[in-house]
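So, here come the structures, one by one.
There are two complexes below, and they share chain A, which is joined by chain B in the first and by chain C in the second.
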Partner chain A sequence: MAAVGVFALAALVLSCKCDSVEKPSDATGAGTGSEAERSGPAAASAGSEAPGGGAGAAVSLPDSCEEELLIRPLHSGDIYASFQFRTLWDTDFLHQGKKVSHYRLFPKSLGQVLSKFSVRELHISFTQGYWRTMQWGQPIVPSPPGAELWVWFHNTVADVDGNWKELTNVLSGIFCASLNFIDSTNTVQPSASFKPLGLGNATDHRFLRYATLPREIVCTENLTPWKKLLPCGSKAGLAVLMKSEKLFHSSFHSQAVHIRPVCKDWQCSSTAWELRQTLNVVFDLYTSGQGKKEWSLFKMFSRTLTEACPLASSSKVYVDVTDNPEGELFDLSPATSVLNTAVVLGDRRTYSVYDLTQKETFGQLRSLNLVLRWKGESGDMLRPLLHAERYVAGFGLQTGEIHTLIYNNHPYRAFPVLLLDSVPWYLRLYIHTLTVTSKTRENKPSYIHYQPSKDRLRPHLLEMLVQLPPHSVTEVTVQFERALLKWTEYTPDPNHGFYVGSSVISALVPSVVAMDTNNTQERPLFSSFFPTKEESSYFVRVYTEPLLVNLPTPDFSMPYNVICLTCTVVAVGYGSFYNLLTRTFQVEEPSQPLAKRLANVIRRIRGVPLL
Partner chain B sequence: SYLFIYLFYYITTKATQFFNSGHTNNWAVLVCTSRFWFNYRHVANVLSVYRSVKRLGIPDSHIVLMLADDMACNHRNPKPATVFSHKNMELNVYGDDVEVDYRGYEVTVENFLRVLTGRLPPSTPRSKRLLSDDRSNILIYLTGHGGNGFLKFQDSEEISNVELADAFEQMWQKRRYNELLFIIDTCQGASMYERFYSPNIMALASSQVGEDSLSHQPDLAIGVHLMDRYTFYLLEFLEDIHPASQANMNDLFKVCPKSQCVSTPGHRTDLFLRDPRSVLITDFFGSVRKVEITREAVNLTSAAEQPVEATKEPKSEPLSYVDQLPVAEIIHQKPKQKDWHPPDGFILGLWTLILLVFFKTYGIKHLKHIF
Partner chain C sequence: MGLLSDPNRRKALTSLLTRLNTPIWGMPVEWLVKTMQARGLEVFTQSFTRTLPFPDENKERYMVRGTNIYGILRAPRAPRTEALVLSAPCSPDNSNNQAVGLLLGLAQYFRSQIYWAKDIIFLVNEHDLIGMQAWLEGYHHTNITGMDYTPLQGRAGSIQAALSLELSSDVITSLDLVLEGLNGQLPNLDLANLFHAFCQKIGVLCTIQGKLQRGDWDTAEGYTHAVQTMMLMVLKQASGRPWGDHGLFLRYHIEAASVRGINSFRQYKTDATTIGRLLEGMFRKLNNLLERLHQSYFFYLMPSLTHFVSIGYYMPAFGLLATILLLRALDLWVQLGTPAQVTEDGAGEVEPPSSPGVLSVLTPVVISHLTGVALYTLPVLSQETAVEHFPVSETEAVVLTAIAIYTAGLALPHNTHRFISGEGTEQGWRVLKLVALLYLAVLLGCTALINFSLGFILAITLVPAAACVTPHMPKALTALAMVLLSPGCTLLYCVFIFQELQEAPVTLPEGWMLFLSVISQGILDHSLYGSLVYPLLALLIYPCWLLLWNILFWK
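Right after this comes the complex of A and B.
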């Protein structure tokens, strides 16, 4: 009785503010550890299965979740940790007749968003920091600095723009971010990039919207609702490692939510909804590692792992030991004999696997703290095959030039890349000055799509398919002019500058090793993010830096100064002139001293003329 | 029998006290209006009040938190994801589960007044709305830079005391509050509550007109002042309050006397109907829930059986993923059909001119050859 009372109070106090997330499993996953709670998951699963199954565990559930953590030591001494949580649910959100009402592992707030706005695919990411491809290699899940949102709507939607506007507002409430600043001035409709990552055949780009907010800050208030979407919350499994004080004290932090329809099974006859939550973080050797080349879970996250999420069907930690086949580079403890190889980003890599669902992984102390101790010096990193940079050239506050450099480091293969540039309207691009040069020769793109901007309505959109020659640098330059904004359009801190979102470069890079095109469920999550259709190349997306451009800023104290000056001139100049012209002078008798006044009074009485 | 009468009297006063305040839910609107790193203390002020209010029971869904700039994840912060209130870095008021509703450029006078009056665009999410009713006690806390009769928002606009008073009157007329506690920690803060004229408002300010509110102490590692004096002593006072505390408003008026605060805190209670002595601190800062214990059994209906769905016939051919970069398809992509617009006035005028000139030169008889 008291437990129920405490329960209810705890549930009330801990309810999520950014749109309520009701999960029947929340009550069972609270972890008070009593017998009633242990049988909770079994009861919940019995309720959601098809009738006729009874309380048996033999019937497969319509939803399942997996979690994994990939730890990759980088050549510069930093360490890269990538969390992926995937929930698969066999249901139909877009079915017109029957509304989905029973949610178990899939968060209700996102499910309602999908059905209300007829969303086919949703990708949202929040990133702090910039991914340094030359030092760290390619990321598992790429993301640009700031916030990025791209959505494919279902082809039954009549008003895509209206749905988009409402969707951004709802998401800003769910993720505590200012996504409501996404409007027509920063939304574009790419015509060839951002093809759907999920199943489907028709790809009419009228149903795609892409927007990015490079200025968006990521902090604990974005992590809190993100953690609440996980089936186990931050109470069990890998998510206990997510402490904001450590996660944000890093060189790179990115959290994302990806929702798409995927194959339900290897036959791929029907679709299931997949929700992937990814969190990528790169810890710096000097700020988090105190300069010592020794990394452990406790040093990175100030926590160790104690158990897997009870609701997850698989919970694994992968450590990349490809550079350490004989153990000569670093020592990994506790040692494990389970090795797994996977082809990731065109390279065959070996991983030590720790399965958290097995009790033996946790050892005597019932906690897992992976320690990597460096012994030798690592060699040079393999140069990434594709990488890009962008910068603004020029001087002054009137004109400038945007340079985008795309590097193809493959020794003998050329491959095409698709470059997407979205520039705000206040930088007026002169497309007649657009030049694409590779190896000092002009390189004509095979496809150009340009949509000019409209002041205060639409940004510039430039998409080009460029063939990159092997071992070369391709430079794309375009000149622009800076516009003067209306004084109410300036932000409260205009001298900081205005951001231009990252360029997106999508490419099919030739792979060193044959890619695995077999879409079975047994692959680790980090190798199945981008679907692979052919063996000889893999798809990669590279984001450039966002640009920070200074616009000519007026002096905002001008109205006050003008009023003061004008009033002074009017009062002093015109006023004195007017007075001189219209003033009349009257002679005034000076007041007489008292004695004289008295004498005058006596004289008046006597009738004698006054003094 | 005297004992009986005495007991009866005691129980009735306790019962009336229990139901005295007349409110059923609590809301809080906490606003920091300053931008830039050197205004760290204003964010720390608001977060301390947020922390106290959450600790005393108001849930995140009933708190509208507006922070004009991000200090915790600011690149100048030597300890990211933390905001400290005391120079020994003892108390991280940012915490691990903060939820900020309005942040950065969204904190404007317009948004603040819209939140108060409830006149928000229809697509605003629930977490950004103040969904109070006529039985809500609302705590409004403002901090930032202010002057005689105004409060500066983000260095670019300001809200005047008249506007604020009118907003509260709108709230009263729309029955959006039962009682309102207004606390302001700015320079010359007392000027902001001078113009209130709606009933049931109690106001506190950190300084009188003509006085400046001063900051407490700087931290040498972080490099800025961490908190304002009034809110510092207010936080110290609130840390001693627990959800069942009986401390009343008179104790709150005594927080931070002139010896500690250098400025003279002021308060205004003439618009408030109840005696401040009988108003509990937790009436505004806490959310004490009145729980009714029942001994009857409640009959829950059994979970409705899920109707057996006709298994979907598997589609004839397997679905496949879309090609991410179909080069051939892209190169041969047909250009997007541009929407047809009727010809511009200029084009029409030009064609009319050309036709007129043609017929003028060659005569009207050629017209029949055209039509």
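Right after this comes the complex of A and C.
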């Protein structure tokens, strides 16, 4: 019965029927009609002709791409910048399985990977830092610290594990990351938490693989290959802003690649591959701005915008001005009258829109440098409706307890969440100690999927569906024992500790405002990542912090000392013994005196015996 | 390192210090929260209450209620897995305000730096160790001492190292490093080395045990000085109590030390800026650690900050002492076995007919342990009764009850014999002594492994008594010697020696008062922080000594 419940929810969470996904593909067939619709709210905008032209160009060619930058001043005073690049590839090897050899905008390296490994959907993210939900609100595209990879394979694939192994190695090469460390000990097959985001209604989780590498450190060498996948590279368009020394001088950095099949038009008569590349950065103005709250594109990226990517059908910069309707909080220059309203994560937000495909945007200086000056202190942020944290309790190196706290800050609505926990085998979970409590009362999960670990083979997988009462904290605790590893299994720095990946909490959070389910209308890219199915709720995924756990670690210097000592003893002992045993001792004749030798010489000559 | 090189920052720090110097009642919780928030930290508070088992007369507290305030500086692009702690105790009597001010100044400075790889927790704890205990238990979600606290709202992963800061004035002459923690645990020696290295670099006088290092190691004075410093460390470690707020971190495998500013009459003074630079340097070093500190000693004694005595040097000394016990036991074993050998062939393993019954050995063992249990439980339990009947305060009642039970135990031999049927035999006391010797050897061995100093001090006094005692010695003289070597008297000597080494000698009555307060502190340490010295002495060492006492009066 429980299983039925969860599948119902899973279907609710992310049922990916055609009608829910057709919306992103609208832009492909970007007719002037939809363009007009989009500029509807911004009727005052003068420039409906230029994007029309761009779209016209896109219509004639099969592939298309869009780029977009969202800038949101956060309540904490930080600046959140979110890039999204979407490339659509009008090919249909999803159904026919034919070889495709023609690439235009879609990167060939990824296209070949898709066809070779029969990938249906691929999501990969590299994140450095932890998204601070309590200060920053919900992110546009959530991701856990480190690397995360989840892939749906076609249901025709026979050897999923083999494909997965090869795929991770190939991706590791493409992104210059340690994805080759993904093996069976950190791969799981979640039964409900990760449903396909694109076309198709796959439910058989045998074709899903999910893995995280919480230790992965993201740096420039991961950014460069990521930039190379963009149609314009980092030569033109928004991508010129991506200077790595600025992007990595931030509080949070996350880059991701999402590939999924989508409908080309709203009837879903044909499908296309969608490649979404996202880059999310949070800049800390306190450290970089010497306490002054003022930012500009130049300050953040040490670049300004001069042109759109010529290949892109749409290229826009959105600045979130919801908190600043009268301009009392900050000044934004150059001012724009083009406003756009979108419902994002259960909240109606207003954005100033800068269309880079129009000449007027750049002004006389031929460059766009957005400047935002704070005037007053921003008010308090609304508490995010859902957030979570996790920690290890207890002390000593034998046992411990993992606590996961899930906060529902909604004043009167209860809602269910799916919790996914993947714990490495060397923390032996005592599943009988699993308790779920809300408001000091036991809260029995309606669905639990637990897959016990196998030593050195596979991790624990714990998935459950928990109903969160309104305005409450739900605490999930489970005790564990720390295993003693074999001495070769320790990492080179065992005293650093061992990582346990983030738990994943997926939920349909009740929305305050009606969500936009009208998928025929074109919306900004950032509001269309997760398909919305119903008006009353929106999908949120929350990642907790990873854990660093110390395992009992032997003193590795001691074997070294012992080896040194024994080697010395053996060398000295063996050497002298060997010497003693193998040497033959002979009594050496003392050398004869000179007179005797002379006498012998004479005797030899005479032929008489020597003395 | 440019901390406070900017005049504006220096001014801000000065104004902070002035604000803190104005008299305040209790801890200014709201002001601290606001100030920390203004510095860009995530601020959380934790309130706690604790009722002590009996009033603490040294610190004048009984029902403790307080609030800890901590701000977390989130490191950029760090996944909240590792943290460092800088703590400063804040008390109503303003004695540590300089430390709190410096902590806030450092928080502001640290916030604007980009090189942090670990989150930094700035903790202001009220009621020194009790607050620290509440915070640590809250952070690790444990409850070992029955503290009542509110759960923590914010965390920063596993804590790698911690420093506790105590400054009594705005200028100091030297900095003292305190290492001894709960149950004699010590932080990794590298933490001490780090402190010393930075003191050298910045040019601050640094001390350990409040004693400056002398350059002349070869001379007799220099040697004596080093020995005195080390003996102070041995005594402090043996006490098993945390000698600074850092002491409680060690239980959680967090390397921690206290840095204490000392303002003496020396000419050259150091200001808060220099201490700030020192702390900044230490934190940057700790921040750069890729692993926990482990590549160094956890067992050491320090005759000075630059020298240490490693476990390999001091353990043999204890080992030799313990060998006496084992040799004695072997001797007794052979003596016990000899008559059996005499009675022909394979009957050797059979107990000789004159062998004492199990009862005659077991009875003293059980009775002395019961006395130990009484010594452990009764003082705290019976304090109310004692207060009703005698004109003493609760604390005095507890201590005096403990001493009374301890002394009453001396009358035990006479009472034990009532339970034993018949006369004690020659074999009887030998068996009892064998048991006592082995018991003592195991006890001391285990103690020395956990807390070397305690084990060593106990061994020095108990081993001679245990080795020599027989029923055939002159009763009065031996009894006096035994009493003088008993654990209680050892504690008394330790108090006097400690005062002597600290160059604050006390007269006999003062020493006695100190002795009483040490007992009460020991009991409090046990119930508040889980120190194991009191239960060890009461439940194990004292009964063991009583066994030896029994042998002396064996009839």
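General observations
We adopt the following convention: the second predicted complex is superposed on the first by the 495 of 611 C-alpha atoms of A that agree within 3 Å, B and C clash if a C-alpha of one lies under 4 Å from a C-alpha of the other, contacts with A are read in each partner's own complex, and residues count from 1 in each chain.
Definition applied: contacts are C-beta pairs under 8 Å (C-beta built on N, C-alpha and C of every residue); 3 or more make two chains touch, one makes a residue touch a chain.
None of the values given here were measured: they were computed from a predicted structure.
Judged by the touch definition given at the top, the superposed model places A:Pro145 against chain C, while chain B stays out of reach.
Look at A:Arg132: by the touch rule set out above, it reaches chain C but stays clear of chain B. Contacts of A:Ser557 after superposition on the shared chain: chain C is touched, whereas chain B is not. In the superposed model, A:Leu247 makes contact with chain B only, not with chain C. In the superposed model, A:Val542 lies in contact with neither chain B nor chain C. Once the two complexes are overlaid on the shared chain, A:Ile406 sits clear of chain B and of chain C alike.
Applying the stated contact rule after C-alpha superposition, one finds that A:Leu461 touches neither chain B nor chain C.
Judged by the touch definition given at the top, the superposed model places A:Ile259 against neither chain B nor chain C.
When the shared chain is aligned, chain B comes close enough to touch A:Thr220, but chain C does not.
The partner of chain A that touches more of its residues, comparing chain B with chain C, is B. Looking at chain A, you'll find residues 128, 248-249, 493 touch chain B in one structure and chain C in the other. Residue ranges on chain B touching chain A, taken from their complex, read 35-36, 57, 59-63, 70, 72-73, 79-82, 92, 94-106, 121, 123-128, 154-156, 289, 291, 303, 305-306, 308-309, 312, 314-315, 318-327, 330-331, 333, 336.
Chain contact summary for the complex, chain A toward chain C: residues 128-130, 132, 134-135, 145-146, 214, 248-253, 284, 286-288, 290-291, 389, 391-397, 401, 403, 493-497, 499, 545-550, 553, 555, 557.
Residues 40, 42, 74, 76-82, 111-114, 140-142, 155, 157-158, 251-253, 290-292, 294-295 of chain C are the ones touching chain A in the complex.
Residues 5, 9, 12-20, 47, 50-52, 102, 128, 165-166, 169-170, 172-174, 176-178, 180-181, 191-192, 195-201, 203, 215, 217-221, 224-225, 243-245, 247-249, 263, 267-271, 416, 418, 446-447, 465, 491-493, 506-508, 519, 530-531, 533, 539, 556 of chain A are the ones touching chain B in the complex.
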